[in-house]
């Protein structure tokens, strides 16, 4: 087993590393690219952009997605925007500043070189997307509009109404479609990757299940690109799409790929709260609402009066009280944690008491209803559609929800995992956001990886490695295929009493309570025990209906929940190991006197990479070195 | 750059239907105003019809054009209807319109029915008037009159005779009402098919379509009713 | 908590693409006004699983109205009674205790049923693959601001680009035509200079592909616009026809 992880950071000063890397790599002869089959799993921003770009370069690409079309991956739901260091507004932005903000925002738990490269290619992404016809918002002069997002001091966010993710994804999808039409990409929709096939130590193929017929298929290739998104659905309720899952990444992990920083998850403070047990997912409201909305709870516990009947002096505007200089605009993690504390104190509002108010009355008085409508009209409409309440008249109820996972499969500078030939892109890797992701940088990372990083790093791998043909009839494929179908048969044969959803909901509650916004050693230990017990019970008592040979979404979910049940435990272990508070990871034992996160740079400035072994998980640390930025403490007081 | 057979494509079919449809609207409008000549007297009407027959070769060209327009319009309409049945072989148990901005209406859904009835009517109409007594190949001295010393066909007499029959009059009126129903959707639809629409204009054009349709229908219906009830 | 409602669901069940389907009626006694329509189906499915019956399969993913996965005909209207709303965001507060709701899949020859309420919409992907893109390879773009685009044009392009590809337009069209879907993409790219060099090839190829897939012809009922969760205007169809005529005449 690998015990030392080599991040392969190129030589040279920070701003020359990517250039040096590109100068030093081997290239693949154009005539030879056609001979190499690349398997791209997932068709979100990372997968879509990678598949189209590699096909443009001449590789033979096979692309897989679990949805019915490559246009539907969950990148589509990103609302806010995409960052780039264009500095069109002339407000002082630079590549360095975007790099610095991202490293600082990540609470100094990401690699300098990776993040700098991300900032460097950010501008090319905007150029590429505009050339594809992505209808970004524009000024009257016809040039691109920018806005400030997530508390950034410069306006560097490009956006397409509240549907930036959709438009960027459709841009990538259209580029893919062009390559599909040209015959350079073979598309496999409604196919789920169930296993990675490793031959002679290299990733050489995948096992998939055809979600319509249930058939198990083998696909061999020269490299596998995993672009399968994050694992937020381990919490059952999250803003992720219902089908988002960790299975492909987890199967790779079990085949030897290290899983890094699983405890780094991001909780978004402004989501529409849960209304009942039947709740299937959570809906995000743009955090721009906090620019004009004031967050409060009643001072009195269990106050059931209507919000308008609660007088000013009986309200606690707790963010304004605790953070006088940032007030309602504190970062996501701080806002989320404080909402939890308010509810833990019994001051939550609404039927479930798991919500706080976000009140626009003061802004409406000050600016007038038309001004608020112009700014947030569509969000208010969405809120009303879902809750049936009119936010112009009564405060919104909001609560934090899991939104993004910074952790993921470990990759080096080339986005290659520790299994040669297995590359991991986008949210599925751990690489660029450290312990906390800044707003409008997820889209940037997905597209950077796919359009501008992987074409170089994959080529370097292909050019440097002997990759003899591996047939799909090879023993390794047969073994992996039979393991996969055995697992499905096992799930169907249990015929217990509890449904997959019931297990998932229970797992979600455990992970949310103990590995959520605020964590303690005691809680994490309890989580490990309880998740393990739940997992054992699952394999004895789950009730999966139907059969393997037709479309059977419950069977798909069963396999995914089985993997979440393993991941949940690892998240707790990772959180337990990390005895500090940083970014999205808040350990109650490690806070300052006034309740703020206290990081421990001396002991924990590392990437926690976990290996799956027969005797459980083993931790390997990749130390992080900061040569260019000075580690500081965030303060929003 | 264009497809192999652009006029057979989904858009080509609509273009053909739209162009022929609008052409036919112009034709029925002229036809309708011509009919109104009978309100000023038999002589004016016969003079008008004589003018048309005296066009000679030009009339044949116009008639050939009309036949072509009708045929293209009808054949495309039928093909679109057949295509629609093929495109949804199994229908819904429950189906209803979602309402505005949908323009779906009894008119839009019955285009094939009103269209086919109008086509059958057209044949009957041409046989009973154009090829009726005194018409081509059907010389009849009873239907000849003189205007300014010249012998001309007395079509006015034939019209008055036909519309003395309640069956013919009310049948004709009913079919003209169907024409209104056809035009209610047809005029707007033709303009949309030809790409002439802008979202801001949709309600206006839809209204104009309806008004023009009603005007044409009213013009056609006025004459037979006036004759039947001895008003002229 | 809000009062529970008893809702009856008359749902289309079909085991596979080539098997005979039928309606089944189920009763969901603990529906709640706050739940979404898809959550009602979730609750029904949990009920069915526990009683040893196969659950009703339906496509769904983001459940916030943007991915375009979900789509069923609810009481005769694609995505149900609420305007500009995909059925994942339709909430049960629009119904009363004791209501019966008829649920059917999209019905079109070009969208064959896979199982229950799930249909195959890959025809849409093939229409896009025929020409719904700008041919630009990664890395060859000029600076984004070298190409000023008037704000009203860009906004209009965005209106058309908002299509989520759910297929409601086809489902609701009396002719099962895919004109709105195809036109939305053609119009989005026709509004922008980036789309201009390929506009003639694009419109021809996409329209030909649309016919190839077996969709019906448009009869300008405009039902598509009424059910579109994004409210895409049929002015896009007019634009598509203008684009087509330009291509035809060149």
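Order of writing sets the chain letters: A, B and C. Residues in each chain are counted from 1.
The rule we apply is simple: a contact is a pair of C-beta atoms (placed from the backbone, for glycine too) under 8 Å apart; a residue touches a chain by one contact, two chains touch by 3 or more.
Predicted, not measured: the structure shown is a model, and the values here were computed from it.
Asker: Which chains does chain B share as contact partners with chain C?
Answerer: The common neighbours do not exist; no chain touches both.
Asker: Per-chain C-alpha centres versus the global one: which chain is nearest?
Answerer: That would be C.
Asker: Using mean CA coordinates as chain centres, what's the chain B-chain C distance in Å?
Answerer: Chain B and chain C have C-alpha centres separated by 37 Å.
Asker: Measuring from the mean C-alpha position of chain A to the mean C-alpha position of chain C, what distance in angstrom results?
Answerer: Roughly 27 Å, centre to centre.
Asker: I'd like to verify one number: the distance from the centre of chain A to the centre of chain B, where each centre is the average of its C-alpha atoms, in whole angstrom.
Answerer: Their C-alpha centroids are separated by 63 Å.
Asker: Mind pulling the residue numbers of chain C that touch at least two other chains?
Answerer: Answer for chain C, listing residues that touch two or more other chains: there are none.
Asker: What residues on chain A touch chain C, complex-wise?
Answerer: Per the stated touch rule, the residues are 49, 52-53, 56, 67-74, 76-77, 86, 88, 124, 126-144, 160-161, 163, 166-167, 170, 173-175, 177-178, 180-181, 187, 189, 212, 241-243, 275-276, 278-281, 283-284, 351, 385-388, 451-452, 455, 499, 501-502, 543, 545-546, 550-554.
Asker: Would you mind writing out the residues of chain C in touch with chain A in their complex?
Answerer: Per the touch definition, chain C meets chain A at residues 1-2, 15-16, 32-36, 38-39, 42-43, 45-46, 48-50, 52-55, 57, 59-64, 66-69, 82, 85, 89, 91, 93, 114-115, 118, 120-122, 124-125, 128-145, 147-151, 154-155, 157-158, 161-162, 164-165, 188-189, 191-192, 194-195.
Asker: Any idea which chain C residues touch chain B in the complex?
Answerer: Listed in rising order, the residues are 10, 12, 23, 73, 75-78, 81, 83, 102, 104, 107-110, 172, 174-177, 179, 200-201, 204-205, 207-208, 210-211, 214-223, 225-227, 233-235, 237-242, 244-245, 247-248, 250.
Asker: Can you name the residues of chain B that touch chain C in the complex?
Answerer: 1-3, 6, 9-15, 79-80, 83-84, 86-104, 108-109, 111, 185, 188-189, 192-199, 202
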